[in-house]
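Labels A, B and C are assigned to the chains in the order they are written; within every chain, residues are numbered from 1.
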Amino acid sequence: MLRRVNPAAGVASLVWLLIVVVPVYVMVNASLMPQGEALGGKLLEPAPHATLANYRLVLRSGFFHLLLNNVIVTAATIVIVLVLCVPLAFAVVRARGARSLLVFRVFLLGLAIPAPVIIVPLYVMVSKFGLYDSLWAIILPTAAFAMPVTLLVLVGTMRDISEELYESMAIEGASSAQMLLRLVIPLSKGGISTVSVFAGLAAWNGLLFPLILTQSPQNQVLTTGLWNLSSEYGVDVPATLAALTLSAVPMLVLYLAARRALISGVMGVGGK
Amino acid sequence: MTLAATRTRPAPHPHPARRRGQARVGRPRLVWALPGLLFFGLFAVAPMAYSLYLSFCGNWGGIGSARLVGAQDWQRLVNDGNIRQATKLTIELTVLSWLFQTPIALLIGVWAAGRQRNRAVLSAIFFIPLVLSSTAISLLFKALLDPNFGLAPSIGPWIGFSNGNILGSPNGALAMLVFVGGWQFMPFHTLIYQGGARQIPKVLYDASSLDGAGRIAQFFHITLPQLRHTVTTSSVLIVVGSLTSFETVFLLTAGGPGSATTTLSFAMYQNAFQDFNYGYASALGTGLVVVSTLLSLLMVRFTGFGSMRSTREGM
Amino acid sequence: MTTKSVPRRRSRLALAVSLAAALCLGSAACSPSSGGGGDSITVYTYGDGSTDIQQNAVNDFNKTSKVKVKLVVVPGSDYTPKLRAAMGSSAAPDVFFNWGGGSILPYVQANQLVNLTSYFNAAPLKGAFLPSIVAAGAVSGQDYGVPMRGMQPVILFYNKTLFAKYGLQTPDTWTAMQTAISTFKAHGVIPFALGDSDNWPSLMWLEYLTDRIGGLSVFSKIQSGDTSGWNSPAMTSALNQAKTLINEGTFGSAYTSTGYNDNAAPTLLGSGKAAMQLMGSWDYSNQLTNHTGFAKNDEAWTTFPNVPGGTGDPADVVGNPANYWSINARTQNLSTAVAFVEYMAQASYAKALLAGGWIPTNSDTSSLLPSFPNPDFGEFQFQMVQKAPAFQLSWDQALPTTVGTPLDTEVGKFFAGQVSASQFESDMATAQKSAS
């Protein structure tokens, strides 16, 4: 039982707690103010005439449509990433020869290549394929860029499956496909849920691809929608803050419901 | 970022002699990897090749088709003072972000790895910034820092900006980028360090206590060395993240004031989508790909991801 | 690490992948065509505070048109990049908003616009608009744009109530303006609201200063491609004059993080925190909508003062002669697109513009002026444009985008004090040279 009392770290934590909580408090507090009041700049004091008008405005501005698009993009990205990467990781781990290691290393190289770097040729290609300004234009590159991390985690998980289990299934005459479905996937559930979280977060919060590759209002997702709304509302700060608060609600709900899974997914990264 | 394997089984090697009976069964052919490879190739690799091609297409602006004209974009890139400044800024941003995030995340993460009850509550609160998207966070701070209508006029004076014009001063804008990036990712890195600290075997601390070591000595002689790989993981994430940090710059400062926070990624965006010089932007992008690839190789080498050695080695 | 085989393998892979992709997906949409297709056409317009006028016109047009018009409002700060991106894709608009001049030059050069000259030689477009305005929407003598918004000279707006409070004179002379600046500074009022973080509002200052100091020839040299124009003495004086103004505190201290597009600068003026704003005439309709009390009771206007020792004509005007609709050559509904742009010549549309605070560019506008919400302002603006020896299009629209956008960025850097005047000039000369 670690009984290390650490006052310095305790104080640092309290200070950081304040730094985290104050902006969030202001966000919610000011979102309840009518615009004229907020122009006065006194955002720290509790809103004297709290109103939900800003939230109504945001909801009228098509917020649910943004949410729907975001859900579609996230779900599609997760599905594509899993469908492509699970067999890929399986092949890398189980196939023999230097080629599998090579495939793995090709993806590793992709780990540190930032998306903004290839956005120009990607934009030109997407336009030429006729995908410009569609949700696919967001989904496909996002999935592709989630693949290196996904592969890394999945390969790490699958390598932990001991050889004896494969052997015993081989004795029963199982094919590769059967091994994948009945052995590998069930045993890799932890890794699969981790990569689903990562890919899902990347898709949910992505800005670059929607920004450059989509255009019309019906293809906006949460991030581009928020940016649009904030330019539209301009100095109507409460309206912008209401939009931001609303955008946090889905993730907050998910977080409260699946806190353990999310946290252990992230912490698993720290090193076993 | 990966699960450094703690199992002692090495990667499968081709040893047909040992697996005589099971040579073929249960081992998928590499063709299983093909759909994933093709997809990745199309959406990640092909654009890189195309980027190289476009970098030799001069000033192509997206109208009509691109034609090869020579290496003028590369010549301009090497001599461009704006790019040199952007590189300097990107490095500054990276270093400052690391200096800001690592000590704090390390301290809080290690502290949170203990088992007191309120630590669980605090961990929950730290996680809140992760729930907001990068976009939402940048927009939130942009609104809060508005010099005319936000919080900036009130809190500005406390941190040395008497007129509240934090975002309008070059140093202030850069500091805000570092701060907002830290605000956003601190919980993430804190959790990483927390996970790492939880793995440190208690026996090491007990042994050193017996030897009479105090808390601070324990921190420096046990905790830090044991967190070596975690520090590397977290640091690599910060470095790569800063290199690619586009969203925060785009939303919070738009590269400004003037060009005081125009990082390399933002400069690329500007050249491509504001100045419509896809050729030059591609040259810049290709250059960045080279740098990122080198970083990735270094990362693989230093952390041993490619061979996946355990942090428990030598115990 | 088998570095040697990886590039070869990757390039072979990339080639195979590209071919496969081209086969599968290329067949779906080979050539970029226009957005609307069969029964509708898409019209892109610039998103700012006054798009409802265009929306109402679209609604009216749709009542009697078989092929419907769909208006897409693109946020202003993103308009040019989005338009460019859309025009290069299969989701291109049939009709789009532009500023004439350099803003449509690349499209004309790539033969992507419909030549409207023949339509201007027939009813209803013939003689409908002021000739100088139509000319600003032409390239090499061929018409490509139909005027669709009012004239937009850049005007010096000021708060006459604040001026009266401090006993100040109309700031249409240099000394009056300087006196006003120092008085307001002393009383904690921002003399001029400036949305410098968007860059183009600061460009307006440079345009007027250069014109007042050295006349039109300074910029026409640059526009014709002579990059030495950037080094002209008048340009240097203008830059130095701007610097002096900045250092005097003319724009307050937070101008580098105050924008126009998000309405920050206009709100400063409309709420009384700033006393003046140099801005295009469109800001009047903006104030009418957002700060009606201010617009009706406190707002006044005048021309940019003469600079002592300058040789330019003080009646010169800078700004946007108008905005135009241009038609995409790849449209599949040419007749509807033409009918829609011809709708702009209708009296009902001109009246709608007037009611919204715009001065239309129709030939018969002077007769319609009395119905303008603020007849004084309408008369002032119309006279200002009619009497102007020259109406200089905003530099960042007159030049092609590859020079115009870097110009905006460079102006932002200059106003933030990050480049000196000589650096600005050499940077712009370099930018213009490498863009050609």
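The definition used in the following text is that a residue touches a chain if its C-beta (ideal position, glycine included) is under 8 Å from a C-beta of that chain, and two chains touch if they have at least 3 such contacts.
Computed from a predicted model, the values in this text were never measured in an experiment.
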Leading chain pair when contacts are tallied as C-beta pairs = A-B
Using C-alpha centroids, which chain lies at the maximum separation from chain A?
-> C
Centroid distance [mean C-alpha coordinates] between chain C and chain B, Å | 39
Please report how many Å separate the Cα centroid of chain A from that of chain B, as a whole number.
-> 15
Listing for chain B: what residues touch at least two other chains?
-> 37, 42, 45-46, 48, 62, 146, 148-149, 273, 297
In chain A, residues with contacts to at least two other chains = 39, 105-106, 109, 123-124, 212, 230, 235
Going through chain C residue by residue, note those that touch at least 2 other chains and give them in order.
-> 1, 10, 21, 85, 88, 264, 267
Of all residues in chain C, those that touch chain B in their complex = 1, 10-11, 13-14, 16-18, 20-21, 80-81, 84-85, 87-88, 106-107, 109-110, 112, 196-197, 253-258, 264, 267-268, 273, 401-402, 405-406, 409, 412-419, 434-435
Chain A contact footprint on chain C (complex, rising order) | 1-2, 5-6, 9-10, 21, 25-26, 28-30, 32, 47, 72, 74-77, 82, 85-86, 88-91, 261-264, 267, 271
Given the complex, residues on chain B that touch chain C span 37-38, 41-42, 45-46, 48-49, 59, 61-64, 72, 76, 145-149, 163-170, 173, 254, 256-260, 270, 273-277, 297
The chain A residues in contact with chain B across the complex are 1-2, 4, 6, 8-10, 12-13, 16-17, 19-21, 23-24, 26-27, 38-39, 41-44, 80, 84-85, 87-88, 90-97, 99-101, 103-125, 140-141, 143-145, 147, 149, 151-153, 156-157, 159-160, 162-163, 166-167, 169-170, 173-176, 179-180, 191, 204-205, 207-208, 211-212, 222-223, 226-227, 230, 235, 237, 240-241, 244, 247-248, 251-252, 255, 259, 262-263, 266-272
In the complex formed with chain A, which residues of chain B make contact?
-> 1-7, 9, 11-12, 14, 22, 25-33, 35-37, 39-40, 42-48, 50-51, 53-54, 62, 66, 104, 107-108, 110-115, 122-136, 139-144, 146, 148-151, 153-154, 183, 186-188, 191-196, 198-199, 202, 205, 215, 218, 229-230, 233, 236, 240, 243-244, 246-247, 250-251, 265, 268-269, 272-273, 278, 281-282, 285, 288-289, 292-293, 295-297, 299-300, 305-306, 308, 311
